[in-house]
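Following are the structures in question.
Note that subunit A is present in both complexes that follow, paired respectively with subunit B and with subunit C.
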Partner chain A sequence: MTVAKPLPHDSAALHVTGQARYVDDLPLPEGAVHLAFGTAPVAHGRLRSIDLTKVRAADGVLAVITAADLDHEIDVSPSPSPEPLLAGDTVQYVGQPVFLVIAESHLLARRAAALADYDIEELPAILSIEEAMEAGSRFEEGPRIYTRGDAAEAITTAPHSLTGSIEIGGQEHFYLEGQAAAALPQEAGDMLVYSSSQHPTEIQHKVAHALHLPMHAVRCEVRRMGGGFGGKESQGNSLAIACALAARLTGRPATMRYDRDDDMTITGKRHDFRIDYRVGFNGEGRIAGIEFLQLCRCGWSMDLSLPVADRAMLHADNAYFIPNMRVESHRLKTNTQSATAFRGFGGPQGMVGIERVLDHVAHAVRRDPLDVRRANYYRPLAGASGGDISEQAKTQTTHYHMPVEDFILHEMTERLVETSDYRARRAAVAEWNARNDVLKKGIALTPVKFGISFTLTHLNQAGALVHVYQDGSIHMNHGGTEMGQGLFQKVAQVAASRFGIGIERVKITATDTGKVPNTSATAASSGSDLNGMAVQAACDTIRERLAVFVAERAQARPEEVRFEGGKVLVGGEALSFDEVVRDAYMARVSLSSTGFYATPKIVWDRIKGEGRPFFYFAYGVAVTEVAIDTLTGENRILRTDILHDCGASLNPALDIGQIEGGYVQGAGWLTTEELVWDGKGRLRTHAPSTYKIPACSDRPDILNVALWDGANREETVYRSKAVGEPPLMLGISALMALSDAVASCGKAYPDLDAPATAEQVLRAVERVCT
Partner chain B sequence: MESLSLTVNGKPVSAEVEGRTLLVQLLRETLGMTGTHVGCDTSQCGACLVHVNGDVVKACTMFAFEADGAEVTTIEGMADGDDLHPIQEAFRTHHGLQCGFCTPGMIMSAAALLKENPKPTEAEIRHHLEGNICRCTGYHNIVRAILAASGQPVPERTATATADA
Partner chain C sequence: MYDFNVARPGSIDEAVKLLSDEDAQALGGGQTLIPTMKQRLAAPELLVSLTNIPEMQGVCRDGDTLSIGGATPHAVVARDAAAHFPGLAALAGQIGDPAVRNRGTLGGSLANNDPSACYPAAALGTGATIVTNTRRIASEDFFQGMFDTALDEGEIIVSVDFPIAEVSAYAKFAQPASRFALVGAFVARYADGVRVAITGASETGVFRWTEAEEALSQDFSHEALDGLSVDSDGMIGDIHGAPTYRAHLVSVMTRRAVAAAI
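Up next, the complex of A and B:
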């Protein structure tokens, strides 16, 4: 069976030869125009006027468009709260698009865009979380609150309590291919759009709205992205719409790509958070209650901030049963880039909050943080430890009242502690630290429990279209997009397995809103869960028709027909798949089908914070060991061991790739990747020269990754589990290992903020030593 | 406009370009060879790496006319017809790529390394690739691919999987 084979990425051969095409590589018809945005130079202000004389007169400029030139307000927002394509009277962050230049080349458009003279009355800008809280600058009327039990009471009556706070910085996606789009005018005013987008249906919808067209007049095609990570869920809307407007205006194909500095200045990033906590616990570190205050900086527009902040609340428990819990979440509006989706979608920030609490509590009770973590884990599954039917064995629920029915972290932790030799290494670290004053080591194990499904329940649906041609070759299409994660290959493996044929018979085709409509973004790690099932449904419909057809001929029952090894087995006879297909065609059997899937079991009330928002949880555990230089704060990761749960993997090689890449990206977020805005709201880290993305020499010297060998207990496609986002949070072990190293320098708790850059580590060392 | 002639992947080409045209623009826009990618525009990511007279060059940082008369090799010139170069084959089979955007630059960089140092250690490979950013893979499989391409043993994966993979 093709499923479960470690096949290479579907486009591997094209990538290594440079033949794989991204949006900016597409050969466009003669005469394409190129676009660039002119952007706001101040963080907040009233735009009195703008003098575009020099822009218009610049070399190669064909037209310049401002908000006043548009016949209606063009909305680029993915949320119900509108976000104008071009700023009107007010500008709301440094980098906000104000006008659009249409020129003969990319370079000429960018040069002209820098020539505007703005007359702006500057207004006070709200930049920080604290300023926003003070000014009451927020989305939604007030905070969202999810509770279970009485946290305040539990904390007061607990033997011990403590309070703390952690700042968690944002993160730039740095998808290696920047945002890009192209639009080609078609007959009768229709528009064809190519976009580097995780959400083709939204591009179609937004372009249709901008051009006053029904959605059927716009088609969006996405073959692949050069990385997405959530940054292409909504942030590509502006470029696609701009291209469509320019194409309509000029009657020529239009294309746009952001230069890297523009990309970093204009587009949203991961939300930064401040999380305050108050926790009550006993002498062993068993937690009785926690109050979390999550302050989330959303930037100037709503974008996807509400579901992001919700997901942070939903992961405030991570792997721990907290009997009394209160999570209060504020979604703050600031004059900065509109923060957006980023791998984990708020989950990582919520998880860092609770892992920080566990680390802090363990420090207070002077125990190995691993033991305190385990003492607070959700209960093992009933029966897993030969348990009985007593109260002790009942399934526990999360603080949003969802039963945790698949908790496998006890067993996973046990195994990783063994394979990583955690106990001995922890002793060795302690010994090293006793002997060395300058270089200190630290080690930490952290778990991940990540909820799988979109929390907006209606998004949990997918469609597919499968054709079997007369020669037995197969054309497969679905609503998911390929951004490097290997979705297309995994889904093709599903299709090949359903028909019992080789993967080379399955043609993977670009995501196309004309083939499969009304799709959800490829996000929330749901790509293969949803689209794999939809493709499976489409294949099974055709397979069923073929089975009925051959069974009738062989006087057998359709249930007895099997599809294996390129053969169709019926009544002791083995026919070739191609032959059966040809005969079925001759007999006028339909060889094409759509497929559809909607995730079962989920119900969720996001206002009350009650229900089952997730179909299941994906789990992982990581041990990271680090060393720090206490004189400079410099640090590095020495060794990482990971055990991750992908259910029954559809493709172990691709899954391991996701795990390794996710870990490195997560560790980067929490250690070196620092975004810095100055007092005027200008992002000063807008290129990789100042924003430190992990390089090849930064990765751990030793990196061991293993997959947990268990099937998903829920009925997912071949019992696999989603893998896109969860491994990012394995990187939290790096932050906690740094905390452990710093803690070895003295008595006080390190109180390390994220990212734990060298400066942060040095400051923490100084704090702990004094 | 200036006219220039050079050899790209063994084929002579001539073009008329503005003085400020970058080598990467010449390749991508004038010659339509889009395998060389632009990731950062400012010589930091390595996606645009090509070889000019055998040296590794970031094509976003060299003027086209500086390559006048030179021999340029791009990712499109690495395979021999349908036969992949050993480094290409290794990146494919050892999963040294995900989104693939960094891949051409990584392969060109690796080729330069192996020419100088046919059996590099893992540490040497990592050091050599410092100028090439990959945002997807975490680099592990890239390093493994280069080890394999140099004919050295690739460290065993500890990974276990459910299926009989």
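Up next, the complex of A and C:
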């Protein structure tokens, strides 16, 4: 069976030979026009007028469009709260698109876009979380609050309590391929759109709306993205719509891509947070109650901020049963880029909050943080390991009242403690620190429990379209998009396995709204779960028809027919798959089918904070060891050991790739990736020369990744589990290891903010020493 | 980028003549100038490349002086100066990445006088002499603040004479994204005393830390620097580090340079 084989990425050879096509590589018909946005120079202001004379007169410029030229306000937002394509009377952040230049080339368009003379009356800008809280600048009428028990009471009556606060920076997606789109006008006003988007249906919908067309008149195709990470869930809308408008206006194909600096300046990033906490606990570090205040900087428009902030609340427990918990979340509106989806979708920030609390509590009770973590874990599953069965049988629930029915972190932690040699290494770290004054080491183990499903329940659906051609080769299509994560290959493995044939017989095809309609974004880690199941359903429909057909001929029952090793086995006979297909075609059997899947079991009330938002949880554990230079704050990850749960993996090679990449991206977020805005709201880190993402050489020299060998308890595709987002949060172990290293310098708690840049680490060392 | 022409003269005289045109500008490795032109912050009509002039190339020892041609790439210095002046060669070997080191030149780096560049620390820290087509300029007089030097319009750095130190070392704290020096300290010991030059830190560009020089001239050990620090007033504060952080790094990097030199 092809499923579970560690096959390479289907496009790996194309990637490394440069043959893989991205939007900007597509040969366009002659006469294509190129677009660029002119963007707002101030963070907040009234746009009195804008002189575009020089822009219009610039070389190669064909047309310039402002909001006033549009026949209606074009909305690019994925949320119910509109976001104009081009700023109208007010500008809301530095980098906001104000006008669109249509020119003969990319460079000419960009050059012209820089020539506008703005007359703007500057208004006070709200930039920081604190300013937004003070001004009451927010989305939604007030904070969202999820509670279980009485946290305030539990904290007051607990033997010990403490308070703290952590600032968590945002993160630039830094997909290697920037945002890009192209639109080709079709006959009768129809539009074909190519987009580097995780959400082709949204592109189709938004373009149709902008052009006053029914959705059937717009088709969006996405072969692949050069990375998405959530940054292409909604941020591609503007480019696709701009291209469609320009294509309609000029009657020529239109294409647009953001240059890296423009991309970083215009598009949203991961939400930065400040999380305040108050926690009550006993002398062992067992937590009785926590109050979290999550302050989330959303930027100027709503975008996906509400579900992102919800997910941060939903991961405020991570792996821990907190009997009394209150999470209060403020979604703050600021004059900065509109923060958006980013791998983990708020979950990572919520999880950093609780891991910080565990670290702080462990420091207060002077215990190994690992022991405190385990003491607070959700209860082991009934029958998992000895103890009082009746007590164990009671499933614990999260603070949003969802039963935790698949908790496997006790076993996973135990295994990783062993394989990583955690205890001995922790002792060695302590010994090193006793002997060395300048270089200090730290080690930490942190767990991940990540909820899988879109919290907007209706999004948990997917469709597929499978054709079997008369030669036995297969065309497979589904609503998921490929962004390098390997989704297409995994789903192709499912298709090949259903028919019992080799993977080379399955053609992977571009995501296309004309083939599979009404798709959800490839997001929430759900790509394989949803689309794998939909493809499986489509394949099974065709397989069933073939089984009926051959069974009838062989006077056997359809249930007895098996598809294996390129053969169809029936009544003791082994027919070749191709032969069966050919005969079925001749016998006029339909060889094409759609497939559909909707995730079962989930119900969720996001206002009350009650229900079962997730089908299941994916788990992981990581141990990271770091060294810090206590005189400069510089730090390095020395070694990382990871044990991660992909259920029964569809493809261990691709899954391990996702885990390694997720860890490195998570550790980068929390250590070197620092976004800096100046007092005027200008993002000063908008290129790799100022914004440091991890490179190959920043990967720890020792990076051991193993997969947990259990199947998903829920009926997912081949009992696998989602892997896109969860491993990012394994990177939290790097931040906690740094905290451990800093703590070794003195008595006080390090209080380390993220990202823990060298300067931050040095400050923490100074705090701890004095 | 605006349109421009390129000339590749084979002699200094020819280069100087071409540079007498006010819209002409010297081109070394182009590692700074070309990006600046791309951003349209500079728009010379004629670039006069200095990389084809034999007298401006290479490393040559004359007694206690190492003379390096103004158009010598960093990678060549890293390789060819190693046997004569290891501290200087090591500094050149830490500039940027291999591509930058293969193109960027000594003369370009000094003429540019970026406050975060490495070579200014070596020039000032050795008391080097900058030899131009018209005169010899002491390093003390050469650096005149951020991106500012004593060079006149059209004057070119032909070579630089570095007095070879008994021992020396450069300790650099690289800004993680660009690898430029957030703070770099060059320490060199000579028979008549120790010199310490700091780059990356000060708002006025590279400077000599004279207190440290005095202490080290008495006792060339990092302990000699105990209790010494620079004031954070006048240190650069930017997106990569606060003035206090830079001031702190000045002492740490100087100590490390001393330790490495011994």
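In this text, the second predicted complex is superposed on the first by the 765 of 770 C-alpha atoms of A that agree within 3 Å, B and C clash if a C-alpha of one lies under 4 Å from a C-alpha of the other, contacts with A are read in each partner's own complex, and residues count from 1 in each chain.
Just so we're on the same page, a residue touches a chain if its C-beta (ideal position, glycine included) is under 8 Å from a C-beta of that chain, and two chains touch if they have at least 3 such contacts.
Every value quoted in this text rests on a predicted model; they were computed, and no experiment measured them.
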| item | value |
| --- | --- |
| Dominant toucher of subunit A (residue count), subunit B or subunit C | B |
| Which of subunit B and subunit C A:G227 touches, first, second, both or neither | first |
| Partner chain(s) touched by A:R48 [first = subunit B, second = subunit C, both, neither] | neither |
| Touched partner set for A:S689, first subunit B, second subunit C, both or neither | both |
| Touched partner set for A:K608, first subunit B, second subunit C, both or neither | neither |
| Touched partner set for A:R562, first subunit B, second subunit C, both or neither | neither |
| Overlap of subunit C and subunit B interfaces on subunit A (superposed complexes) | 688-689 |
| Subunit B - residues contacting subunit A, complex | 28, 32-42, 44-45, 47, 74-76, 78-79, 84, 88-89, 91-93, 95, 97-104, 107, 125-127, 129-130, 132-143, 157-165 |
| Subunit B partner contacts - residues on subunit A that touch it in the complex | 3-6, 8-9, 11-22, 24-25, 27, 173-178, 224-227, 229, 259-261, 419, 483-486, 647-649, 652-654, 656-657, 660-665, 687-689, 693-697, 699, 703-707, 709-711 |
| Footprint of subunit A on subunit C - complex, ascending | 173, 176-178, 239-242, 245, 248-249, 252 |
| Subunit C contact footprint on subunit A (complex, rising order) | 631-632, 634, 672, 674, 676, 678, 684-685, 688-692, 757-759, 762 |
